[in-house]
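In this document, chain identifiers A, B, C and D correspond to the written order of the chains, with residue numbering beginning at 1 in each.
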């Protein structure tokens, strides 16, 4: 999909996922603002446009507004000011849009059925598809996420990494065009994290990933947006944004190790003796 | 299901508190006889909270939808702790939602809790009376009975209290007829409650069978 | 939840009601509530409301608090007594075809609704001026079993958590199209059973971890448990007059009721 | 404490945390094995000795037995074979030992009291201390963890990072000599993670940290143990163990970026075009 990324901004209005020529605007936010009663200025005047096929990482410390942004984009929250467009259609609060899928931070929040297969079928069943179509979608999602072996197991008995793949399969079965991932690597070990990275690198959808795992974003994203105190601070190439030490530190972040040139090893010479022991 | 403040005459409220006090004493005595009563406290507490929250789920029954009472299921899963769970649930409901009442807390607890304890006994009977049946069938029968008996008895107590304490011009026999009619009208609801309890027990049997062996 | 949990039941303040020590406050106000439930004469209602209104004013709780908390239980009482004036009583005061409004029924309905409102306001005064934990500490000091207070504390603590869990799970279901189309009853029930079952399961699993964490910090060592400690600054001097006045009012309802009965 | 680490192994039997001269053995595992009914060989013949004051990182992918090891060490599980000694006293299953504290992965699991102060006081209350001693311990723990401002708040309203500091304070108030941390950085943002690193670097207790965040372990630990399929594979200096690419990759791990010499940037030249697009 990336071969189109240098072309002109889109003007076509509605496209199906397969037969477009110019990448459409997947998500367009205009002057979006949001406050909670006890927490004003969660998001302040955010404008952002994401083209179809882009993989965008959202960085910023907890409470910077990333999760709120996700909830607004998928219509779980109504914006207080500004507009949200999803494929040239405004997002109405509480209106269902099958184009968008949201992976919650805790996969247990979205798994409830007594078997993996039932859980993946839940979305397609709600779309009112025929049994044959549902089966086809479930099979495709099982295949794509590599969890065919788990299909009869109850999701409740799976490990954290497996649960997450099931949750992703449940979203994929809806054939979404945009997927939002909230801290997908938080509870993964390195092996499942690597599997997720490979999976995302091959995936077709427009991706929005909120994560504190900057190395993960470096490997998956082609664009990074830094948010602090509800405002967009930087937006651009992942290496350029995350490699800017001054910028990162000014907003409570750290430049990822893979972008730090190794003149000398920087962990070894910690001077433990110099640390003052505290009274227990 | 609960009776709010102000409806029942004071002696009934006082009697409710007296009975509830007695049952609480009995429940605590039975619980303290078990091996490690404190080990069960977090489980009973969190399941009580889950029941309290989960009772907000409404089930579609065309053309309407119903909220289930689930005191039978609570009894089946928690045994004697179900009484404490109901007591706490009602107290929190009265405080956080203004739902129910403080003077009728005793009456409400008896109305919901005693049937829950009976349902618990019925559910345990499956180990003895259910032997001739296959384990699954026995679970189906006794979980249905637990669910149906829990809500059925609660409804019976509820309507009896309302009809016989509210002043009206109806005579006793007419009141009894009215009560019978109300109970008959609630048979579908009792049936649904039994079905839901059975379905839930089967869900737990598949995913976490240890929860059924309290 | 269908109804948002009112986490802010307690309104901090410095009224005489706030300063009243919790134990006498709890006992006096409960006595008052029971005395109100004894009232069977309409004539006494204004006096009852005078006392209850006085308490509410003394508590300096905002009127908004009452208006916010009243509607939900209010609907319930209207549903319960609304029928009485039409089916109960002999004296017809208004009639339209077969619909007849009876005086006695109307009186009973007014009495019940009045008692209900008065008791409810007294309850709001108690809960609005006393933190829940102080109330629990008072109950414990009155001899409530520690097992029961521990369980209450844990239920209360995790209630909000589980409510949030359920809300999130329902959101996740909605985002996957739940409620979009009519489904067979079997499917809908299957989903809701699984939802409720998963909620129970998550709570059970958490309870096992909570118990382990409690044990690792010595739970059960000294038979201490989760003793509810009153919030800081709540152990203030008791305005004894409040106790005396409330109990006198409660007593006056009983006496008046007895005089009416004798006459 | 590190100034003692080069001295001879300890022979003294019971020491208080303050007045020892030679570091005692804090934890000694001998030929420890454990299986679950559905999962045999979770731990196989583990022998491990940890001196007082050491900060040991446990690495390995999920299911390698790290959490089981923690549960055995603090007596939540009985070993099926082998012995566990904690300061020269065998660990009896279900026996309460105030010397050890366990930070669960989800702090929500161990904040069960209605306010922060009550929660921290819970442990000391169970130890049967006087009111004055309890207050002193609570104050000290609030101070040390820097959460004095939160003391009256209910724990469920706090942010993830704050919850974790409260949970740590609850453990500290027991004055433990050994602390076990299970994935402490999983849900932290970089700012709170940095705060935790600083806190742990100054802390006095013997630490065992299980984590997938290898950079975190590099900054905190002076020893690392690699576990795979229930066996200890490597045990030694963090830089030496984690810097061994062949070893790490053989056990499903990745060498941390900070230990990879930067000859050329290794993320930038990803060739996206070479990736085969998948059919959605």
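To be clear about the criterion, a residue touches a chain if its C-beta (ideal position, glycine included) is under 8 Å from a C-beta of that chain, and two chains touch if they have at least 3 such contacts.
In this text, all values refer to a predicted model and were calculated from it rather than measured experimentally.
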Once you count every C-beta pair in contact for both, which comes out on top, A-C or B-C? B-C
Rounded to the nearest Å, the gap separating the Cα centres of chain A and chain D is 29
Roughly how far is chain C from chain D, going centre to centre by Cα mean, in whole Å? 44
With centres defined as the mean C-alpha position, give me the chain B-chain C separation in Å. 19
Sequence positions of chain B contacting 2 or more other chains: 42, 203, 207-208
Give me the residues of chain A that touch two or more other chains. 114, 156
Residues of chain C whose C-beta touches two or more other chains: 153-154, 156, 158, 161, 194-195, 197, 201-202, 206, 210, 214, 219-220
Which of the chains touch, listed as pairs? A-B, A-C, A-D, B-C, C-D
Can you list the chain C residues touching chain B in their complex? 1-3, 5-7, 9, 30, 33-34, 36-38, 40, 69-70, 72-73, 76-77, 80-81, 84, 87-90, 104-105, 108, 112-120, 123-124, 126-127, 132, 145, 147-148, 150-156, 158-159, 161-163, 166, 185, 188-190, 192-197, 199-204, 206-208, 210-211, 214, 219-220, 225
Given the complex with chain C, which residues does chain D contribute to the contact? 74, 76, 94, 96, 98, 100-102, 104, 106, 108-110, 112-115, 117-118, 121-123, 125-128, 152, 155-156, 170-171, 174
Complex interface listing, chain C residues touching chain D: 133, 153-154, 156-158, 160-161, 206, 209-210, 212-222, 224, 226-229, 231-232
State the interface residues of chain A toward chain B in the complex, per the touch definition above. 114, 154, 156-157
Chain A touches which residues of chain D in the complex? 1-3, 17-18, 61-63, 105, 144, 159-161, 172, 175, 183, 186-194, 201-205, 212, 214-215, 218-219, 222, 238-239, 252-254, 256-262, 265-268, 270, 272-273, 275-280
